[in-house]
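Data block below; observations after.
Chain IDs A, B, C, D, E and F follow the sequence of writing; residue 1 opens each chain.
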Amino acid sequence: MNGIVVRNIRRADPDTIAVLERLGVATVHEAQGRTGLMQPYLRPLWHGARIAGSAVTALCHPGDNWMIHVACEVVKPGDVLVIACSSENANGAFGELLATSVKALGVRGVVIDMGCRDAAEITEMKLPLWSRAISAQGTVKASIGSVNVPVVCAGASVSPGDVVVADDDGVVVVPRKEAAAVAQAGEQRERKEAATRARLQKGELGLDIYGMRPALAEKGLKYVDGPLDD
Amino acid sequence: MNGIVVRNIRRADPDTIAVLERLGVATVHEAQGRTGLMQPYLRPLWHGARIAGSAVTALCHPGDNWMIHVACEVVKPGDVLVIACSSENANGAFGELLATSVKALGVRGVVIDMGCRDAAEITEMKLPLWSRAISAQGTVKASIGSVNVPVVCAGASVSPGDVVVADDDGVVVVPRKEAAAVAQAGEQRERKEAATRARLQKGELGLDIYGMRPALAEKGLKYVDGPLDD
Amino acid sequence: MNGIVVRNIRRADPDTIAVLERLGVATVHEAQGRTGLMQPYLRPLWHGARIAGSAVTALCHPGDNWMIHVACEVVKPGDVLVIACSSENANGAFGELLATSVKALGVRGVVIDMGCRDAAEITEMKLPLWSRAISAQGTVKASIGSVNVPVVCAGASVSPGDVVVADDDGVVVVPRKEAAAVAQAGEQRERKEAATRARLQKGELGLDIYGMRPALAEKGLKYVDGPLDD
Amino acid sequence: MNGIVVRNIRRADPDTIAVLERLGVATVHEAQGRTGLMQPYLRPLWHGARIAGSAVTALCHPGDNWMIHVACEVVKPGDVLVIACSSENANGAFGELLATSVKALGVRGVVIDMGCRDAAEITEMKLPLWSRAISAQGTVKASIGSVNVPVVCAGASVSPGDVVVADDDGVVVVPRKEAAAVAQAGEQRERKEAATRARLQKGELGLDIYGMRPALAEKGLKYVDGPLDD
Amino acid sequence: MNGIVVRNIRRADPDTIAVLERLGVATVHEAQGRTGLMQPYLRPLWHGARIAGSAVTALCHPGDNWMIHVACEVVKPGDVLVIACSSENANGAFGELLATSVKALGVRGVVIDMGCRDAAEITEMKLPLWSRAISAQGTVKASIGSVNVPVVCAGASVSPGDVVVADDDGVVVVPRKEAAAVAQAGEQRERKEAATRARLQKGELGLDIYGMRPALAEKGLKYVDGPLDD
Amino acid sequence: MNGIVVRNIRRADPDTIAVLERLGVATVHEAQGRTGLMQPYLRPLWHGARIAGSAVTALCHPGDNWMIHVACEVVKPGDVLVIACSSENANGAFGELLATSVKALGVRGVVIDMGCRDAAEITEMKLPLWSRAISAQGTVKASIGSVNVPVVCAGASVSPGDVVVADDDGVVVVPRKEAAAVAQAGEQRERKEAATRARLQKGELGLDIYGMRPALAEKGLKYVDGPLDD
């Protein structure tokens, strides 16, 4: 499937998206069984953003950002634009003009497995953006790729309409059909962590809260009083 | 050419330098045909600086910063000190004392393809600095290199007196003799981008502004309505 | 030595630790003969922290953070928790719950040769933390390692009770028995640098302050007036 | 989908697999529109193997090879075992004992996005194997993953039963349902390349064989006689 | 401890060394509890060597190989020369002349966390050598380091006289005082593996030989018959 | 200078080229003052080639090999084709068809700062080739670059007609005008090394042959008898 643009996609439920956004990447990742995380080389351009939205995907080629322009025609307000590349490339495929465009179109954020440029301007615009690099190296518009097909972006499989959650911890993908269940599991986890947090704040040990001592002993962990000679 | 210090160099025109500084790295890089960009692993120590100046070059060796001291004798106010290394090295060759020195000498900024240290202090001094790493690892003064000879710094060729422009997007080199033409081309580009930006802000698509649809069709891009079954 | 927890260790003298903390990484590294620096890929989660403390060490395995929980039982207020891993791994082994725990226990800071997560939350808590990556990828509690045994962390050898100093320049380890001597040498260096700094601020050259010219000449460095033809 | 083993999968047609194996990675990759290639850090343990087979997939965790043992129960002769990992990891998850096992079970080859060990022994056994590293670092059997679920391996999406082709150029994945069409397209490409090769061997230029001159002129390529002054 | 040469060291028992050499890296690494492995970026210059010997250590600085010459005076026949560097560096610190020297002195092999050069010549001489890179970049003799002090080499701690074992799988370090016990444990492991290998060759599954099924079930692994719809 | 093809270049003297080829990379690199070496990530596709020739340069863009076809028109027998790229890229820009072409045209070897593919076939053809990666990922012919302009290839500056020397140690560039002097200096070095080699083979130490002891003592190197307590 190369050279295809799919105009319409099924999007995730907005209420579910709102829950996933509030939960954030780490909790969502745990809630869906520790899957779907993009590789940690994807970093936010600026700190403090936390977003979620339905993925519109674009598959580009190294040094070429043509398909991002094509994708701009099919995004809807609230979407997250996910840009993959057919091979490793850090060229600055996304800059201030594209940022202006996607902001005008209501895009919630951008995840790009290539480079971005105009870092200062995009930061000032407060467009949430995760990229593999900051690089001014320009791109051409010469090779067609695809829009709204399944892609692998930074090591994670993304289908159009999947929910993409991103914050300072990175980017995680939730399959659209599992989004509601993951949101629910995430909220349960959140409640459980709140209780644990309160106990830890009082100085209780994780060893005791989680009841780890028997398992450690069974594995053969040995304690010595020390200090050892030196 | 090793072991040579050239005391005097031809510098670029100050007015041209001022224009290039205002335009910034991405615009300058585009204006000169997408050449001269240093590799994106060079990162600013702190965000928000935008500088340009004539390059004074120093060629060091791994773990050795002797030639930076030598270069300090030949810099003039407004210059950008460009430090290359004969092999990949991240030792902290530039720290707070050298920063104090170059600041006293009026250096506009420092680009170093080695590491820097005293990150907090140099940030507080607001000396603009781009480096490949932050590392406290000390350096010796044992091997001679050269000052004001052509060098390759972070993948870009730099001759003494070339204009170096640097900001949050990275570092670009403009050959001295081409600087005026590049500055002019950059200002044209700037005006053109302003017009494009205004149209994008209203929600017009790049597809239409740039007239991309015929070329995409000719390349064979196909649209399907979707959503596809899943 | 695998599967061992040493409960008690010899710690460094608090006054010595206080001096080393004030001196910071670069000065301490120089004062002990340029040894003991961890590799520069360890980066602070947030800027501006400067800490020192006695090392409590934990040796984990890739994708597994069990031993951090075990280490929490043996830390004392003021300690620095140093977490090594048996092979390269960037999983998010340290997150906000562990941060809550170590903060409650009085830990001065955390150095981890794995990833951390909950970056925004830990930053807000102002827990000083140096890691090799930010990654939400979860970890298991399945394999035992050791606590308070000598480890190699980010390329530096750390024994329990060694003084770990960390700031924006990275992390350096001072052997406990050498800590007092290093602190003293560091203060001497500090005084010497203050004098040098004052001269540099007036525009004197390092070439003259350090008396480098004879050595450069002996090595064969040659000066030409220039500019060279081009 | 974590913690699932799918016992039976649909495999690709053996004749199609045989064609794809003969064609090799580069031709197959081109024949399916330049998609499906795993990242080039996957390298063959020894040179000269060229294989193809239906993928049996295993998803492991860093430092843990348990699921490889589980996968051994569901492989069939001729299959290619594809081992992905939930995060970047180079531990030696596949060694000589597992090699002995999969050889006895008729596995055609192994593609592993982790490390392998017993390099000399596996080379001597002539088991075709592609891995991201050679490392003796041992692994545990502590965390469950999945077998025969879709995985991302070295940047490529692999579903169970897809055809995996591997040789000295790397590894490419062909979706099972597209395998026959790709094989056919590959054979056409092969015939076309044979004709081109014959012309190139006589010294004809690609410029002429492919008729590139008009397109180059249209793009603005300019010829100068030279030599340029220097 | 910088600037020190220790002339005499305690070496390991030759019979123990011989056993460890025969066992090879993977078995020795397992036999000592999966510790002591150098990072896998250290690669043999040529394939097929398997060596062991007492470590003579040298600590060099980036771009400087002086201490290798110093170490040559204190090596004894059968030793393995282990060369660490105070920061990451790939310069070609070891070439054909040094290879000629250490061969004449009876050195069993060389492990260097820097680069080597004269790759063809050293390969022809059949000197076993593991390095982080092949690079012709020359080195100076300007900075003193140490010989026969504890070093960290490629992530592993090495004390003089420790046994270093190296083969196509990499390099592992065995503390001298533990060498005999590790050799014994390795031989036990070898016998056990021989029995396992024989069963695997007959097609028995690791699942059954190691009795893994109950543990997998307890962890919650689920089997489905499949094939799943697609 | 983008979009330019220079048809004719000044080449180096064939006798000088022959000497440089015989000397090899390490000796040539030393003979010209340790300059001009390309970064060590460029590796030979197969071992044992040693070549030299005048550089014909091509500047490509990521994922695009068009300019290699253009360069084929201007190469002459004995030339070395040097292919640079405007940003980091590992796509397989050079494969068996281009290898067939350049072989027919008498090219001595290929140095490419991108990937190559058809590794087995090019190895069998015995075309000497150095590349940054082996990757089957295909390339387009869409963007013009330049031929026979100065380029930076793998960190080294190359002008058309410079002598490129390559062997198992990597690739070094000798400026055309300095080639004769470098060849002469290399032959002197060769003779000097022969004498040193003979002495080393007899077991003499470099310390004595090079007279290093006084300089080491002056730097403060201290000898202790040992063994140290442990």
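Keep this in mind: contacts are C-beta pairs under 8 Å (C-beta built on N, C-alpha and C of every residue); 3 or more make two chains touch, one makes a residue touch a chain.
This structure is a prediction, so every number in the text was calculated from the model and none was measured.
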item: Intersection of the contact lists for chain B and chain F; value: A, E
item: Chain F against chain D, contact positions shared by both copies (same if over half, else different); value: different
item: Mean-CA-position distance for chain F and chain A (Å); value: 41
item: CA centroid of chain A to CA centroid of chain C, Å; value: 30
item: Multi-chain contact residues (two or more partners), chain A; value: 3, 34, 37, 86-88, 90, 135, 137, 143
item: Chain contact graph, described as a line, ring, star, complete graph or other shape; value: other
item: Pairwise chain contacts under the document criterion; value: A-B, A-C, A-D, A-F, B-C, B-E, B-F, C-D, C-E, D-E, D-F, E-F
item: Touch list for chain B against partner chain E, complex; value: 61-64, 86-91, 135, 137, 140, 142-143
item: Of chain C, residues touching chain B in the complex; value: 25-26, 29-30, 34, 37, 40, 43, 47-48, 50, 167-170, 172, 193, 196-197, 200-203, 205-207, 210, 212, 215-216, 219-228, 230
item: Partner chain E, residues of chain D touching it in the complex; value: 3-10, 66, 69-70, 72-73, 90, 92, 95-98, 100-101, 104-105, 115, 117-120, 123, 133-138, 141, 143-144, 148, 159-161
item: Residues of chain A touching chain D in the complex; value: 1-3, 33-35, 37, 39, 86-88, 150, 152, 155-157
